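Here chain A shows up in two complexes: once beside chain B, once beside chain C.
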Partner chain A sequence: MTARMLPGNKIDEFAVRLMRSAEVVAPRRVGEEDVFYGAIASPDEIAWDYGTAVEPLKRFLLPQREPILRFSTNGRIRVGAEYDEQQRVFLGVRCCDVTGVAVLDAMYGGDTVDPYYMSRRERSTFIALTCQQPEPHCFCVCGDAGPFLEGGYDQQWTALPEGMLVEIGSAAGEALVRDNEDLFAEAEVDQVAARYRLAREAEQKFGEFKSYIAGAMRKLSMNEVAPAVWEQAADRCMECGGCTYLCPTCSCFTVTDRMAGQDGVRERHWDACLYSCYAREASGHNPRPEREDRLRARFFHKISHQWAVRNGRQACVGCGRCVLGCMGWAHTPAVSEGIRRGVMT
Partner chain B sequence: MPEIATVCPYCGCGCGLYLHVRDGRLIGVSPSRSHPVSQGRLCVKGWHAHEVVDNPNRLTHPLVRREGNLVVASWEEAAEVVANGLSKVLESEGPQAIGVLGSARCTNEDNYVLVRFARGTLRTPNIDCSARVQCVPGPAPTSGGPSLGAGAEEIADLDSADLILLVGSDPTEEHPAVAARVYRARQRGARVVAAAARAHPLARLADVHLPVRPGSEVRWLGSLLHLLLAEQGFAADADMPGLSELRASVAGLRPEDTEAATNVPAEALREVARLYLSSKQVVILYSTGLALSTVAGPALQALGSLAALSSRGGGPEVSVLGLLSRNNLQGCRDMGVAPDSLPGYVPLNDDAAVARFEQAWKCEVAREKGLRAWEMLGRVRAMYVVGDDVTRSLPDADAARRALEALDFLVVQDIFMSPAASMADVVLPAAAFAEREGTWTNLERRVQGIRKAVAPPGEAREDWRIVADVSRAMGKPLPYESAKQIFEEIADLASIYAGIAYPPAAVNGGIRWPTPEGRKAGETVAGSGEAEVTALSAEALKGPGARAETNEEYPLLLAADPTLRPWDGEVTVCHTLTSAGEFAVVARDYPDGMLCLNPEDAKRFGVRGGRPARVVSPKGESQMQVRVTEEAPEGIALVPYNQAMHSGLMEISTDPETGRPVLAPTPILVGPVQ
Partner chain C sequence: MNNPYLPKLATIQKVKVETYDTTTFTLRLDDSGERKAFEYRPGQFVELSVFGAGEAPFCISSSAHGRDDFDLSVRKVGRVTGVLHEMGEGGQVGIRGPLGNCFPFEEVKGKHILFVGGGIGLFPLRPQIQDVYRERAQFASVTVLYGARTPEDLVYQDELEQWQQQEGMTCLLTVDTAADGWSGNVGVVGSLLPKVSIDVSNAVAFVCGPPIMIRFVVQDLSGMGFGDDAIITTLERHMRCGIGKCNHCMIGDKWVCKDGPVFSYREMRAMAEFEE
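Here is the complex of A and B:
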């Protein structure tokens, strides 16, 4: 492990320097108690003591709605694509959210490269902040995505009394240290030891949703799920789409053209595989007509072995947002438990 | 990317959400975790609320009908045309010939200014809101607290309930944020009882599902009261006013004897009585499924009696939550969009209170009782309609359309070209919820501020501003400059809103009325709020089920289910991308209407799922596409209310007390199309 120390009184200065060359996206309090990742205008805005953000980082890489090209039928057809070329540093974001980006990368940067996504992705740097106090809905230990990471970040910070222990995970992470060498100190051996002790302690603090996924994955991948489980899950789902919208790794979209006079814009919007209109074809045929069919498809993508191989890891990172966001009771821990036990409670 | 905290514009739950804005455009929505209603969740409509606003189909300019076509006009021209059109009717026929409809979608401020415009500027008492057809007449029951014309207790009551009774309510369709709380209560061990003909998801998960035959709602409730009072030895307070009459009216309603009329198995009802008596905290939820039934008034009285008995007799603590359908239906009522009261439920015959309004408004106020929304149609010559598609909101939709066509003058304010707007002489473009400030009041009386995130398209502007412009063109300017100013006037004049400072921030879930200050000020308006019980009338106990008997010729019962697909065809949903996709599925799969039939009935009548069937009732004949589903009980065909309105098959019954039209269960014959 390559680690350095960023003393407590240098953190703000480091953030200010980052802001000179990039948009710095960090957790900050919005409204009453909600925390969102968002562009900051000053380091004072950063909520270092937050638990989890309402939403993952997806919105910054794959907006809920974005124009992808503009065209005009004004005499001749003109077409112009639009790319977001903003440099961004994601500062103090959670390990599970950073890990989620790896799954999006498999989708949008894999066999088929999506230029809109990649334009943003290539200009993004991730500085993760480890979790010392998971929230009740968190289960990243079962998602292999936290509370501390062993890799997959540019930098990973752990808050110690004297400042941030900074682990370096990539060349980009290293460059940020090099360019600001005057701010950093060497990490002492007991500071590194403290990081491992804190990680072990954090792992003991998880709540009721721990460790259902591995067993569920086995059954799902071997096609051993009792069919009744999907029907029972369907009665607990309201097709709000929240689980997919809040999920760091769900990536479905739809495309529409909207005209205003002779000018048109092609927009990409989030879509959800649980909506009955999602898989419906123009002919009216719906390959997944029932909600249980759609739930089965979703969970196969999230936690089957087959898809884990394709994505390079299981698609659930255990952030627990579906637990909070589910209108019914068909979130990942609930359904995983149902799959394991052959019945939903 | 600032997040703007505001409120979802769809159902009465009033979820808190954040709007994301970039370059002056809405680019998304997030739920609020700290908001007491949404708690981090949104339903499909809420997640797509931004699509209603940033939408190429929005109305952007005033339109005036010239030579049969709606053409773009300036605001001055349009206001002039409206002023002239209304003045002409006022001169020739008098104010009674004008009807004004407010909106359960618009803000309190819009509705308040509209009431002033109607009763002050036009001097017409005919002001109402068509969604009030689903508000059960009379004060809704509460467990003792002052009802103040609104019975809503708190959604949070569900979190501590050990028994939840869903009476004609399917919150998974109508009130998703409430359903979310029911699911969570169930997970922590609360019992759920669902009384509804349709086996909706929560009914399937319930501890007891009572498959109540439409029209027999009072009868099964009467039977439950009988069980509690006579058999289960429920310790009622003997001094309670009305108790002996109630006892007498339900005497002999043994569940075994009501089984045939209600479809409710006696043992299931006994189980409900046992659950009820062994519970400490009961929450009763009702919605349109009860409120639009033929026996809504008496059924609600029965629920009120149940609650009152408990509160006085040492039974469980009961809260009754009336789930109103629209985001601001509660506020629309609060603002006096009603033919029989002024803002704050001020009675028209209260001289002192009316004088306060006249003083503030500097004009005389029309003090007569006006026509209800459904009475206006066919009786007035001109209508001013704000944010309401009348062709979809009243039970006899086709009659409504014909009545609109026959008007001398029709003005419609809306954000989209609704079917009603397309018939208008003048169409006025309004600002959508994210383009303006103001307040909405949710179904538990949470007054919440909505916030401006983006500019309205074209020349669209706030509804209250449009109304004020028209009033000025009629020579009676209304002196309003901001939503804040209007709200402060409301809080001053309508005592129920007293003590609420503007803006009641949505992030905190706003402020529930009455505040302690409002409660004090409201005592004069409220009445005692004493718990009381009332006898159930023999007529209501019999229910229209008795009239709508099936027979050999018409062997099935057809019932309109207001909780089934309630958002299909709704104008703002129709114009969003995803929600429209989601909600239009049924419309596309079932273009001729969706007739839900139990598999046994489908077999019996030789019809197949996805195929059209011929449906014949004593009233008419129609074709509908069949959906075969276990959700429909045997012997009863269910149709979404919105489709039933247009089917021409249903009997329309009239509430004897209020004249409220209701689609009554009707016997039918179903067969394959030849």
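Here is the complex of A and C:
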């Protein structure tokens, strides 16, 4: 592990320097309690003591609505595209959310690169903040996505009494230290040891929403899920799409053309596989007419071995937002446990 | 950066009405460089932009051989196809692709080739039929079975006539419901299968049609002794991106757009465990 110390009284200065060349996205408190990731205007806005941000990071890489084509039908048709080329540093974001981005990387990269995603991704740097106090809904230990990461970040910070222990995970992460060498100190052996002690302690603090994904993955992947589980989950699911909205890795989209006179824009926007119209064809034929069909498809994509292989890991990171957002108790830990037990409890 | 969402512009060269609700549009890419680079195989599809109405996937329904344009045969059924059907020669559209995989060709040389099409399921089969017939000597036999609901629903009527008369090819037609003037076979397309006498141990069947027809024909073919790898079909799903990103066409662990649309019955059975 390559680690340095960023003393507590240098953190703000480091953030200010980051802001000179990039948009800095950090956790910000909105109202009394809620924390959202957002661009900061000052380091004072950063909420270092938060648990889970209300929304994950996906909208910064895949906006809820975005133009993927502009065209003009005035005379011969002309088409064009534009890309978001803003440099961004994501500062103090949670390990589960950084891992969610790794899943998006697999989905939007691979052998057919999505240029709108990649334009943002290539200009993004992730400074993760380890989680020392998981919230009741959290289960990142089951998602292999926290509370501390062993890799996948540019930098990973752990809050110690004297400042931030900064682990360096990439060349970009290293460059941020090199360019601001005057702010950093050497990390002492006991500071590094404290990081591992804190990680072990944090792992003991998880609540009731253990997801036991391995057991669910085995049954899903081998087609051994009791059909009753899907019927019971379908009884609870209200098809609101809340879980897909909040999930760091749910990233299905649909596409529409909008015209203003002779100028058109083709936009993609978030969609949800739980909606009854999601797979419906123009003819009216619907390959997944029942809600249980759609739930099964969603969880198969989320945690089957087959998709884990294609995406490099399972798509659930255990952030627990579906637990907070689901009105009907058909969130991932509940369904995952149902799959494992053969009945939803 | 290469942008797979950017359509290439194309112009409608020819409009041929096939039936009361289907039309074949012959399209030619506007840019000569793009035209040269546009190489496709039977079974592949494109995303067609009707600017302002939207985009939808259509199989390419003509062989690439000897042509610098290509056909899309389209049923008028939704918004994009509705506007397209109002367009005429000279109209401009967008094309992304070719997308998806293709029918096996070299791999099936030497075999008896059986095509079974239902309704507009003949659209994706047509380029493969044309290519196979063009190299007829390379195949043991060529049979086309085609059925539609009524005689009015039969597409490519000129070509069907030609296929029926052509040497070295058997083409049998049927309709579910006859009308005045129809003297041919009446019944579902599967009812033509008993008239086929080929060595199924050295045969491959290409099947496309509505889901219900595919299901029954595949059962019949299995009963005749066709192995799961010797039954090839092409699937349709609601699609947006065509490149494995939007996930609309996902079946189990496959995208129809990227892993398909051509699948063997063996592959379909593996998918069906998860979805159908």
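Criterion: the second predicted complex is superposed on the first by the 344 of 345 C-alpha atoms of A that agree within 3 Å, B and C clash if a C-alpha of one lies under 4 Å from a C-alpha of the other, contacts with A are read in each partner's own complex, and residues count from 1 in each chain.
What we mean here is this: a residue touches a chain if its C-beta (ideal position, glycine included) is under 8 Å from a C-beta of that chain, and two chains touch if they have at least 3 such contacts.
Everything quoted here is computed from the prediction, not taken from an experiment.
Student: Based on the superposition on chain A, does the combination of chain B and chain C result in a clash or a fit?
Tutor: With chain A aligned, chain B clears chain C, so fit.
Student: Is A:F36 contacted by the first partner chain B, the second partner chain C, both or neither?
Tutor: first
Student: Should A:D271 be classified as contacting the first partner (chain B), the second (chain C), both, or neither?
Tutor: both
Student: Could you look at A:M259 and tell me whether it touches chain B, chain C, both or neither (first, second, both, neither)?
Tutor: A:M259: touches chain B and chain C.
Student: Thinking of the overlay built on chain A, is A:I77 touched by chain B (first), by chain C (second), by both, or by neither?
Tutor: So A:I77 only meets chain C here.
Student: Now for A:Q64: first (chain B), second (chain C), both, or neither, which partner does it touch?
Tutor: A:Q64 contacts chain B only, not chain C.
Student: Should A:E150 be classified as contacting the first partner (chain B), the second (chain C), both, or neither?
Tutor: Neither chain B nor chain C is touched by A:E150.
Student: After lining up the shared chain so the two structures overlap, which partner does A:S119 touch, if you call chain B first and chain C second: first, second, both or neither?
Tutor: The second partner, chain C, only.
Student: After lining up the shared chain so the two structures overlap, which partner does A:Q306 touch, if you call chain B first and chain C second: first, second, both or neither?
Tutor: second
Student: Once both structures sit on chain A, report the angle chain B, chain A, chain C from C-alpha centres, rounded to the nearest 10 degrees.
Tutor: 80
Student: Enter the shortest inter-chain Cα distance between chain B and chain C once the structures share a common frame, rounded to whole Å.
Tutor: 11
Student: Does any part of chain A touch chain B in one structure and chain C in the other, and if so which residues?
Tutor: 254, 256, 259, 271, 280
Student: Spell out the residues on chain A that touch chain C in their complex, using ranges where they run on.
Tutor: Within the complex, chain A contacts chain C at residues 68-69, 71, 73, 76-77, 79, 81, 83, 107-108, 110, 112-116, 118-119, 223, 252-257, 259, 264, 266, 268, 271, 273, 278-283, 285, 287-288, 293, 296-297, 300-301, 304, 306-307, 310.
Student: Could you pull out which chain A residues touch chain B in their complex?
Tutor: Residues of chain A touching chain B: 30-34, 36, 38-39, 54-55, 59, 63-66, 234-236, 238-242, 245, 254, 256, 258-260, 269, 271, 275-277, 280, 284, 324-329, 345.
Student: State the interface residues of chain B toward chain A in the complex, per the touch definition above.
Tutor: The touching residues are 1-3, 5, 18, 20, 27-34, 39-44, 46-47, 50, 56, 172, 176-177, 179-180, 183-184, 186-187, 201, 204-205, 507-508, 577-578, 581-582, 584-585, 588-589.
Student: Touching residues of chain C toward chain A in the complex: what are they?
Tutor: Those in contact with chain A are residues 1-7, 9, 49, 51-56, 77-81, 92, 94, 211, 236-238, 240-241, 243-253, 258, 273-276.
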